[in-house]
Amino acid sequence: MDKWLTSLKTNTPQEGFELAIKLSQMGVQYTQPSEAIRNRLRPKYSRNANSLINVSQVIAINFHTVAAANDYWK
Amino acid sequence: MDKWLTSLKTNTPQEGFELAIKLSQMGVQYTQPSEAIRNRLRPKYSRNANSLINVSQVIAINFHTVAAANDYWK
Amino acid sequence: MDKWLTSLKTNTPQEGFELAIKLSQMGVQYTQPSEAIRNRLRPKYSRNANSLINVSQVIAINFHTVAAANDYWK
Amino acid sequence: MDKWLTSLKTNTPQEGFELAIKLSQMGVQYTQPSEAIRNRLRPKYSRNANSLINVSQVIAINFHTVAAANDYWK
Amino acid sequence: MDKWLTSLKTNTPQEGFELAIKLSQMGVQYTQPSEAIRNRLRPKYSRNANSLINVSQVIAINFHTVAAANDYWK
Amino acid sequence: MDKWLTSLKTNTPQEGFELAIKLSQMGVQYTQPSEAIRNRLRPKYSRNANSLINVSQVIAINFHTVAAANDYWK
């Protein structure tokens, strides 16, 4: 796979949150590399409350890692 | 997206908990940007015990991050 | 919302565990503010083993935060 | 509730694991105080693989807290 | 129960991962002590993708604890 | 099992993420050693949004461990 992650450092907490989203998406992408299949799944999970809550949980876990890497932007 | 997160610092633990709720909601909002769709989902998950427990779990994970960022308001 | 959380400090680990329960409940309460609806859900999830296990998981995550805030009551 | 948790310190990692089990059970017990109801649920979840895996997850989270409290018994 | 856990220290990360698997299994074993019942459950969950993913999650949580106990084998 | 994990150190965060994927897969592989069975399960979970989200969650937990082991590649 191409380079997509060179650092966990971000300038702001918001950029860190967006990096956490990227990490969450990449966990899916490595497991299902086909963009066509992922796109077919999107309408369903993005309209399902429980799926969205679970996505938010994965983001939360990754955000914890990114925040720690940035010393919580103290 | 507009700026919505400039710091993980809060004055009190309660404000930190409320920031954790905001982070949990934003994880959903980035994944489903349509406010109309999110509003349609709300009546269902907010009356489902298991969904509410899962929401509380995402908040708990984000609260851990926010609490660490504030040195637990020691 | 009224003030309900002014500190993560507790005198004993048990009080810390009970604070973790409170935090878990508040995650639900912020998401479903209606006490009437929450009371209707209670008989169901409190008699469902998987729901109870999930509640215990949320408490465990919050307890980790509270324990760290108290330096594990060392 | 009576005193049931006065310290997170244990003599050995195994006692720490057993304390993590106790914490996981207490999360359930605070939520469903009726011993009769809990006993009725037990035969079902203790014979369901997914429930058992979830129980093991709650124990793992609590064990992390207990291990940290004991400085990993180093 | 007999002694099965005297230390979280391992010589290598791989042995640490295998200890994490042991901890995950013991979480199940304490909850369902009957080996006969556990053996009956195995064919089902070990052929169910979602169960296997959940098992891997419990191992991941325990591995985090074991890795921290070993200072990440630095 | 053959040696597959000698260090949690990686040169870059991306290699660390890929190690987290490997750890997540190995959690499954230890539990279901048959490659034939795992291959039969793959088409199903890799086309199921909720399964993919759960896989991404396991990766996130393992990535947290790997990132800590590398001092977040600071």
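Chains: A, B, C, D, E and F, in written order; residue numbering restarts at 1 for each.
Definition applied: contacts are C-beta pairs under 8 Å (C-beta built on N, C-alpha and C of every residue); 3 or more make two chains touch, one makes a residue touch a chain.
Everything numeric in this text was worked out from a predicted model, so none of it was measured.
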item: Between chain B and chain D, centroid-to-centroid distance (C-alpha), Å; value: 27
item: Whole-Å gap between the CA centroids of chain A and chain D; value: 31
item: For chain A, residues contacting two or more additional chains; value: 48, 50, 54-55, 57, 61, 64, 68
item: Touch-based graph of the chains, sorted into line, ring, star, complete or other; value: ring
item: Going round from chain A, first to chain B: chain order; value: A, B, C, D, E, F
item: Of chain C, residues touching chain D in the complex; value: 12-14, 17-18, 21, 46-50, 52-57, 59-61, 63-64, 67-68, 72-74
item: Residues of chain F touching chain E in the complex; value: 1, 3-9, 23-28, 30-32, 37, 41-42, 44-45, 48, 50-51, 54-55, 57-58, 61-62, 64-65, 68-69
